[in-house]
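Just passing along the structure, written as structure tokens.
Note that the chains are named A, B, C and D in the order they appear, and that numbering of residues resets to 1 at the start of each chain.
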Amino acid sequence: MTNMKRIAVLTSGGDAPGMNACIRAIVLTAEHFNVSVIGFRHGYYGLLNSEHVEISTDMVSNIIQNGGTILHSARCPEFKTEKAALKAANSLDALGIDALLVIGGDGSFHGAHHLQQYWHKPVIGLPGTIDNDIYGTDATIGYFTAIETALDAIDKIRDTADAFERVFLIEVMGRHAGFIGLSASISSGADQVLLPEINNDNEAAFKNLVARIETTREKKGQCSYIVVVAENLWPGGVTALAEKINSELSIESRPVVLGHIQRGGSPSPQDRILATKLGAYAVECALQGKSGIMVGEQNQQLVEVSLPHTWQNQKPLDPYLVKIQTEFFDILE
Amino acid sequence: MTNMKRIAVLTSGGDAPGMNACIRAIVLTAEHFNVSVIGFRHGYYGLLNSEHVEISTDMVSNIIQNGGTILHSARCPEFKTEKAALKAANSLDALGIDALLVIGGDGSFHGAHHLQQYWHKPVIGLPGTIDNDIYGTDATIGYFTAIETALDAIDKIRDTADAFERVFLIEVMGRHAGFIGLSASISSGADQVLLPEINNDNEAAFKNLVARIETTREKKGQCSYIVVVAENLWPGGVTALAEKINSELSIESRPVVLGHIQRGGSPSPQDRILATKLGAYAVECALQGKSGIMVGEQNQQLVEVSLPHTWQNQKPLDPYLVKIQTEFFDILE
Amino acid sequence: MTNMKRIAVLTSGGDAPGMNACIRAIVLTAEHFNVSVIGFRHGYYGLLNSEHVEISTDMVSNIIQNGGTILHSARCPEFKTEKAALKAANSLDALGIDALLVIGGDGSFHGAHHLQQYWHKPVIGLPGTIDNDIYGTDATIGYFTAIETALDAIDKIRDTADAFERVFLIEVMGRHAGFIGLSASISSGADQVLLPEINNDNEAAFKNLVARIETTREKKGQCSYIVVVAENLWPGGVTALAEKINSELSIESRPVVLGHIQRGGSPSPQDRILATKLGAYAVECALQGKSGIMVGEQNQQLVEVSLPHTWQNQKPLDPYLVKIQTEFFDILE
Amino acid sequence: MTNMKRIAVLTSGGDAPGMNACIRAIVLTAEHFNVSVIGFRHGYYGLLNSEHVEISTDMVSNIIQNGGTILHSARCPEFKTEKAALKAANSLDALGIDALLVIGGDGSFHGAHHLQQYWHKPVIGLPGTIDNDIYGTDATIGYFTAIETALDAIDKIRDTADAFERVFLIEVMGRHAGFIGLSASISSGADQVLLPEINNDNEAAFKNLVARIETTREKKGQCSYIVVVAENLWPGGVTALAEKINSELSIESRPVVLGHIQRGGSPSPQDRILATKLGAYAVECALQGKSGIMVGEQNQQLVEVSLPHTWQNQKPLDPYLVKIQTEFFDILE
């Protein structure tokens, strides 16, 4: 295809299960095209500080199943400056890098776009975040595993919720998007879900929550009631929400914040497959000289999306899942 | 929508994780529309022999996470006759059933189509099989969990394969399709895969297998080598294939037949979500008087597919995954 | 053995994985001796309010793998009174109960002991609590699964801790005992553990924590550092501890409270086996007219321990595990 | 303690989950005593062929959770000769090794004992095998994980067995001992188990099997029936046994051979804890100059057992578990 000899890869922002599978796919595909791969450690921070390593096929031979990222990740606010981008461009040129692949989320893509103004070789983003809040790809690497981890936790909590017939408020990740929350709620059979896309009025949401719990208990008697709540929705999170319920009502509720377990774990098959496809395809795109794009998958087709499009548009929740949760399965409807 | 009062559901053919989640969604959605649900036990056999039960919402309140099917399943070859279909039609009418939902695979859909010639109310199929070999839906209920179970097993086998640097031949299910095999292979990072869609010449496949193992060991030294093999591909299965390798070559190999563990287990989130969507949508379709269709999902859209189309067409493997496995990651290429 | 015809069982206090396996063993063993089993729902509350059900072998045929308890549990502070105990005794006599088996922890055993002053038939305790804080048995039903759940969560957190080279403070359950904490710490390879049996001076513990983190980072450079913290040890829990670290030092740390996931989940093999043995043995003891005891297992032998002994003595942590964690594997030693 | 400067470790025979946790504990404990650790790769084969590597603490910092063994394993029949033992002794001396730790099973301990006749420094065995067939220690490293893997598989198979109300014959590992079989059977609630310690007459076992299935179905109607069968018990394994049932009777049965998945997987907490204790204790014993022993754990106490004792005695099954399975829970009793 081209005369490329050496490409680089880094993982940036919140780590996500499947990043290692993606690095592996990049290295194996590059080897197929006789291209070597340099990895920067600690995301853009490592790019600025020349923390790099050549990634051999041996190094990736047994990592597809591991969470985290062998390249480590970091946040790097200082990368936003012109000075940083120029330094990065010089560093890439000094190492003879022909293309840069960035695995990360929203912030990482802003960084990639910024760099591209100062470095005129292919820069390609790969969507790696558990939050799935990237427009232009049906799913992001890590999203499927995060759902699975959240579901596994909720399945466990349901056991004890059922034994004690208690109300549980379970906070899941998602940054400002409700993807994990909706999927975890539907797949766990939760009684209710509070999501940023649906619940923009907290007072109304609270009234509704109470009404549903009361109606459920009128109909079924004492029973468990599980509410999935997206992070960053209720001020103070589920701990504060549980306190409000416990103090204002005669209903006792328990908060559980799932937290960072959702970022780790062995990637699920869907994440490994997506990571492998996007990794291979990103190498192909780089070799074809494409730049300023994110590679993604839409409707089972590999696609290229302009980097700014990935953050200028908002990916909607599945409307039918919303309908099921808030209409078909809602005791008040 | 309509004046329907009572619908029926049965699970038929090989059971698949997510069937219970699907039954639950049918019952909860039906309740939303004030429709009651009758379940036939043991598939078409129960329809013929009037084994039925009214499924209350209580009965489905804690089953979304369970493998198997609360309605049990069975194979029922005698259902192919006109006599059986007429008996079933009478039975349905006697019970005042307004629509029949059939969760199953290829054979179950033939049965549904057959029945529809003799019973003139809505008959709707829902794709439930781990094999994913149904045309008209991107995935079938149970497929995602089967991949996960296969992957989990292969991840374990890789530990011991690596410790002993051994060749392992791992047989996965799929009936006559390579979906589980390809997904399990890509997601486990297997060294090679043998699939019915790719390998139609066993002798050539064998030579190729040997060549790759030998080349791999020339390049890397003694090391593990994992081959995923679809069932029904090699006569005698992986046990026979391992014997052939062990007797004809100086390479020792071990066969593992994953078998029925692939049919069970708590359904993965993707299977629960798909099952829930299709269950809800099937009820909506029934209430609208639609019949002779399978409900499915294509490119994130719910669709209706004529029953005969589901078996008259063949769903292809993802060509990019095939390319990755047989070209990009292939040591001989 | 005796003329017993009917025994009763209840689950009380915090639920624990394996309670269902224990109920199953009680019912199957009782059936072997032609004794029927009544279950009280909601612990002592159900005993007082006559919420009971005959438990058939059918009802327990597929529950060994389920967390929670089919009899539900509850706390019942009013059971401490003489009036309550007399009411319970009358209720048991009215139902023709020949013996009562109580599956629960410390509080439940106090209740059993109290009842026994007023009801003169066999009352037998079975240790069911994730906390393992019952003297007289090497392990309690639910303890092994709780370790497993905690470990699984810590394994996931290590992925993201390692990716970002962060300090994580992980709070595990255990009431006032360090069993879960010590086992989770050793099995996860955590860098440090804070337990009530070891750390009775919080200020000293804090200084030591900081010193170890700093020493570790001097020796190894930036790296992850995982601390397991027992609940009820640090005022405000790990959230407060993390805030103190973050505000007083230049080290950033993240708190994770594992919470109620530790109570649920399918019981591990060890819990199912222990629950099965103790359930069978409790029935044997009841039939022999033994009373006022807890059945337990010590050094692979089934034992009977006077109920008051179970709370009057303190079970120590494994001293060699403490030595490993705080001496052999401690970077400051 | 001593002037030891350098010890060596190897893993030999069938690999078992927890071997890496054990290597880690050896290295961390040795470091505490300022002793360096050499690892031989591929068991005794590597000792003979000088495949060795110094194991740093860095190399073991993230392996506690991994199945397999970073040192790889192998079988080495030629180690039985005097010539081999002398060569190994010379090799150990040439490397300045002060003690050798061998993690493995029966065959590995024979090798250690053999070597000790020719090399007069401490040789210590650590019991690492999933089969638990080593006398002198209550459990072996890997045993708990193997039970868990077997149980997880049987839980899945029960789903499909129950859906189709089928008879399943599930073959588990154990070499010539029934430990995995009995634990898997009790914890899965299997209907029956065939073990070498109990069933020494195959014809009688077959008749009994048939009688129980028939009696069960008379009492309960068509239902699933799960039999756990130890490997090496029935000639031709469960495949042959299923064929015999299918051909001689009107009962259809399905065989499942769990196979090598039982050797892999992330070690369970109990295996990691045992591996850590024995690893630490073995280093202590070596530094004290002890030799010719296996370190083990009996009744929660660390013990030292003469190597020949480990194979000259037979460890019995838990008699109460046998009683439960074959008497209390047996439908014919």
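Quick notes on this structure:
In the analysis below, a contact is a pair of C-beta atoms (placed from the backbone, for glycine too) under 8 Å apart; a residue touches a chain by one contact, two chains touch by 3 or more.
Labels paired with UniProt names: A, B, C, D = 6-phosphofructokinase.
Treat the numbers as computed from the prediction; the structure is a model and nothing was measured.
Using mean Cα coordinates as chain centres, the one most removed from chain D (6-phosphofructokinase) is A. In whole angstrom, the spacing between the mean C-alpha positions of chain A (6-phosphofructokinase) and chain D (6-phosphofructokinase) is 40. Remark: chain B (6-phosphofructokinase) and chain D (6-phosphofructokinase) have CA centroids separated by 35 Å (rounded to whole angstrom).
Inter-chain spacing, taken between the CA centroids of chain A (6-phosphofructokinase) and chain B (6-phosphofructokinase), is 28 Å. Looking at chain A (6-phosphofructokinase), residues 155, 158, 162 sit in touch with two or more other chains.
Taken as a contact graph, with one node per protein chain and an edge wherever two chains touch, the assembly forms a single closed ring in which every chain touches exactly two others.
Contact between chains, using the touch rule, shows up for A-B, A-C, B-D, C-D. Every residue of chain B (6-phosphofructokinase) that touches chain D (6-phosphofructokinase) in the complex is listed here, in rising order: 11, 15, 17, 19, 66-69, 72-74, 149, 153, 155-165, 168, 254, 256-257, 259-261, 263-265. Listing the residues of chain C (6-phosphofructokinase) that touch chain D (6-phosphofructokinase) in their complex gives 21, 24-25, 28-29, 32, 62, 64-65, 138, 144, 147-148, 151, 155, 158, 162, 183-184, 186-189, 266, 268-270, 272-273, 276-277, 280-281, 299-300, 302, 318, 320-321, 324, 327-329, 333.
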